[in-house]
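There are two complexes below, and they share subunit A, which is joined by subunit B in the first and by subunit C in the second.
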Partner chain A sequence: MRHIDKTVVGLTIAFLALLFADFFMAEWMRFIGLQSLARGTVALGLLVLWRTGLVSFGHALYFGFGAYAAAMLTLLGYHDAFFLVFAGTLIAGLLAFLLGFLLRRYRAIFFALLNMAFSMILYGVIVKTEALGSTDGFSVLAPTFLGYAPEGEAVQTTLFLFTLVFTYLITLGVHLYLKTTLGGMSMAVRENEIRVEYLGYSAEKVIHFKYVLSGLVAGFGGAIMALAIGQVDPDSMANWTVSGEFVFITILSGIGNVAATFVGALVFELIRTYAFEYAPQFWQFILGGSLLAIIMFLPDGIWSVLSRLRKAEKAPSP
Partner chain B sequence: MNIMKRSGRVALLATGLAAAIGFTAGAATAAETVVMAVPTFLTGAGAPAFGVPARNGAEVIIEAINKGTLPAPYDKSGKGLAGRQIEALIYDESGGGVKQVAEFRNKVQKQGVDLFVGYISSGTCAAITPVAEELKMLTIFPICGTPRIFEEINTTPKYVFRTMGHATADGVAEALYVKANMADVKGYTGINQNYAWGQDSWRDFDLAMKQLMPAVPASDKAQWPKIFSGQYGAEISALMLSEEPLVHSSLWGGDLEAFIFQGSARGLFRKKKLLFSVADTSVYRLGKKVPTGVILGARGPYGIFAANVDTPLNNWFRKVYIDRYSTPPVGGSYQAAQGVLAAKFAYDKAAAANGGKFPSTDQVIAALEGATYQGIAAEVHMNRSNGHQAATIHQIGILEWDKDAGEPIMTKVATFPADCVMPPPGVNGTEWLKGGMKGAKC
Partner chain C sequence: MSVVLEVRDLQKTFGAVVAAKDINVTVNEHEIIGIIGANGAGKTTFVNMVTGYLKPTSGQIEFTGRNLIGLPPREITKLGISRSFQVPQVFMSESVFDNLLMAYAIAEETGMGLLSPLYNDERAERVDSHLRRYQIAEYRNATASTLPQGTRKLLDIAMAAVRKPTILMLDEPTSGISAEEKFGLMDIIMDALRLDDTTVLFIEHDMEIVERYVSRVLAFYQGEVICDAPTAEAMVDPGVREFVIGEEYHRTRTENGGSEHA
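Showing the complex of A and B:
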């Protein structure tokens, strides 16, 4: 009998539910949802790296690259969301592919900080470029969808639908990839790289592939973010603090399941929104405090709540 | 069965929160108040010298509007905006354009804001303009100065207004002042922040100088520090070594104060003649540490320039402000107050035209478009960019220290009419400057 993949079923149910909810959601909630999907996708890339034992403090590089690529294409007169997001994803992926040749040779803190260094180069370039609005960035007009040009609330509804479909496909893809031999190699590389090499696999190639994957999804997240908010600027797209947010979300979520990153991203957005609303001058404290609480009480992230529940459920049966 | 149950829980986790919050919370608007969002810098380098005085100015006026205690010419229009109390939502502008656009959407969609009066940084205004028009949200920019708002970003605004002059007025007034008072100047350089406001300020001053004093060369080594960088060691060295005796600067807020401290310590102000376009905000804060003899502007007739304007509105504003905050109001306070007054004027006028009933946003917009209303320090003419951009008189002077009174004063003040320093209606500022400022009435 074929084994039914619970994650696939769960993702599909969540996808269908959100698809349906899109038409009834409060506007602000949809906006938060959009941002959560975008950030969650980036964290998905970090999850893949994390399982390999690598933490990147510089994925704002690909996020910013995707965002700016999509935004700059709108300046050239392209407004189709399919094209913009595809181009942003691809360009970020290409950059990850090139940098991967260097970065795949580093581990641990060197990997983390080298990523950060590259992302800060991008930040510096954007800040110094007046044509790109320096620190101000520039506005991105509402996208069209294969000739359909929505107006008013329909812009966000359509964009949410668009994002949801692609995020679903990406998440499913990443999940299935992680179940393949190459995907399963993650843990192996983390635990013992030399053994992996003796088994006949190249650890560097494994890492390189994962790195490109993480770059692609970060580029996707960036392009979506640029379209969702309608503005790009270096401080919110390419600065190291943005990379930090992604790491934050990954820690918050835990790496137990691909769906976790989206829950983590949503929780992150909600904490931030409410903290900013009720304590406009202390919201960073609240955000930091919740991260501390997570690390102390849920060291494996929010997702571990689920596995705890599952264990409790199983406990009675011998 | 068990599998279904578990995967159901996965779905639940992903959607539960969304559903629980998303469906139940509609925008909660109380019917009898007007929710006015007032974004201004409350944290970071923009806060102490600019954001907080601006908030204070807005607070004084909002409170007086709600109590109905504004003096003439607003003493007969009753309490509130068209009779409704203002519910002010003051929040932090820092964090950059993307964060502010996201917050703008949040405030509109989640907290049911009726209008925005705020934003100090040109970068934020540039980012907010398209989204304000998209969400059809009445937004009054009281302070930010980049001309790009209505010249590039949106040339046919409907919902966005700006209630003071923009950087072109500053550049032209400064150049006119230099021509009148420093006819033999041998050249000029500048230090401006590398973002919309700094870039536009330098560009407009430079273009105006090229028209008014074509023989005076500009440096090609003007300095471009990043906004909120706070460290100017390298820039000050470069300025000290430059040949040009005049230095133009549009630094503001904390950046300006850091530059003044670091420049004073190295004797910059003894060696060079400085021209500051927004330095009035710091003169009271720095007290005796403020460099005297500098050419100074307040982006119009505000702050220290209005110290002796003898009208009931100005006297009342200064008194209430000083009693409450123990320091005189600066440019930002005046400008923010002027923005809030635009709302007061427009709502009341629209209500009068509407037979006394509370007006719709479209009626408020119609009332403000092209109107002339009384600001704290000067009359505001909303007569540029289809009636969405204001023009006022402009003033420049030289800062000195009054030993007897123990306070800074402006000397050699020159006043320029609005039509002298602002480009005529429908004319792009840059083209106007390049074309020799045709139609300027000085």
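Showing the complex of A and C:
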């Protein structure tokens, strides 16, 4: 390619830097990093939907589905991370494909809340199922990696490496996808569905495709989260508040760039971790306050800081 | 001349309202047809039915021998009937160039091709030459929502024409355009469409426009076609004069209308 894609370069540099950092990071940092990568990947799917003009208040459905699918497979004796994550991703994608036939007919608040309704069905089912530990959930044993069974800290180090590689590939894939005709049709569907139909393509088909994509990445995020925490439970995997967190991250990040979702996810993790540590009574208050501040001062998300700085740089030159 | 569109016994009712009744129309290749009629006469309903937006209550629509009833707009578009809108349907927050780039990409890509890059230099070249043909190249990078009404109308029509349709239906191309600009706008549209030998049906209220650009007129009144005749003949038709043109229309038809379309 003649022209260099800055996002691809930036993602690659970040990827290599984190790869290197993995060997030196403190354990708590790696843990926050893993969670940010998992949640950021889910937000990537929301970014794609958001660009199409759709907000989902129910992507904990796919996140939880991916997490529980991976966790349940460990109960059946499968422990390979590649298999678990692949299966979690695929099964969430399959669910999105099926529900997509219904959801692609809805827009705006109806789309958002129908997603939430489906996610609460999953939540209800998990809570009522004794075999899955009900509200307590159950723990997930440390995974193996193609026969390699790390122990102690090596488990997290390897998992981080594993997650990093796949997150990098997925993010790159989504970034390149957004530049294709189908990716660009997000804009077309958001702006004018009638025109899309009269140009000769189905707006619902576009939405369905994007919905499956968002389900796949949410399933991936869920499966990673199950392995990272070593535990699945309905309240941190499938409840509507989890869906809210994803929307929170998407607002925080803005939809300008795929890399932004991971910055947003990291900022979210940091705010939550520190708010919880220093103000255990008020941490939700702090989280809510920071969201309010973002909406008021950076309505296009954290990423817009970068474009503002760029404009400021250019401005002085006559 | 071969028949491209054949409409037989078309009916459309919305509850007790009859929006279309016994419509029988045959359109030949390369014709330029004006659709006239008062508001609510059924002109747009007719266009909506032919392009698949509305399903007729009964009747037949055949395009080059193929039945169109029950097909959605996108399938009919792919077969070769496109349309523009009275209120331009464009991607408002995007530039004129990006609007047309998307239109070309959707027209050109199918299946896995949809996952190839939206932008490529050859496609951009096609977009730019299309922009020149519709004389909106100077607005190339302007956002569609900021365009003057006439330019936005041209963009809407240019997007509809991207697929080089066999038939293009224009819904009031000159509505909302000042009287001085109307002829200039129509010249651009008609010149552009002539290059592809497009058959054109357009809805119009301005009789001067109809007389100048059209060889045949379909006059609608209360859901029915009350006159289907060459322009000069239609303009003196008593039904058309009473129900479509109205009493205010006083110009003498014989010298004027006749000579222009000889």
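Operating definition for what follows: the second predicted complex is superposed on the first by the 314 of 318 C-alpha atoms of A that agree within 3 Å, B and C clash if a C-alpha of one lies under 4 Å from a C-alpha of the other, contacts with A are read in each partner's own complex, and residues count from 1 in each chain.
The definition used in the following text is that a residue touches a chain if its C-beta (ideal position, glycine included) is under 8 Å from a C-beta of that chain, and two chains touch if they have at least 3 such contacts.
From a predicted model like this one, the values you see are computed outputs, not experimental measurements.
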| item | value |
| --- | --- |
| Contacts of A:195 with subunit B and subunit C, given as first, second, both or neither | second |
| First, second, both or neither for A:99, with subunit B first and subunit C second | neither |
| Subunit C versus subunit B, contacts on subunit A by residue | B |
| Subunit B versus subunit C as contact partner of A:184, first or second or both or neither | second |
| Subunit B versus subunit C as contact partner of A:122, first or second or both or neither | neither |
| First, second, both or neither for A:294, with subunit B first and subunit C second | neither |
| Which superposed partner A:81 touches (first subunit B, second subunit C, both, neither) | neither |
| Partner chain(s) touched by A:276 [first = subunit B, second = subunit C, both, neither] | first |
| Partner chain(s) touched by A:25 [first = subunit B, second = subunit C, both, neither] | first |
| Doubly contacted subunit A residues - partners subunit C and subunit B | none |
| For the subunit A and subunit C complex, residues of the former touching the latter | 177, 179-185, 187-188, 191-192, 194-202 |
| Interface residues, subunit B side, partner subunit A - complex | 3-4, 6-11, 13-15, 17-19, 21-23, 25-27, 42-43, 91-92, 95-99, 101-103, 105-106, 109-111, 122-123, 126-127, 129-131, 134, 153, 194-196, 199, 226-227 |
| Subunit B-touching residues of subunit A, taken from the complex the two chains share | 4, 6-7, 9-11, 13-14, 17-18, 21, 24-31, 33, 35, 127-128, 130, 133-139, 141-142, 155, 225, 229-233, 235-237, 257, 259, 262-263, 266-267, 270, 273, 276-277, 280-281, 306, 309-310 |
| Interface residues, subunit C side, partner subunit A - complex | 51, 72-74, 77-78, 82-83, 85, 89-94, 98, 102-103, 105-107, 109, 113-119, 159-160, 162-163 |
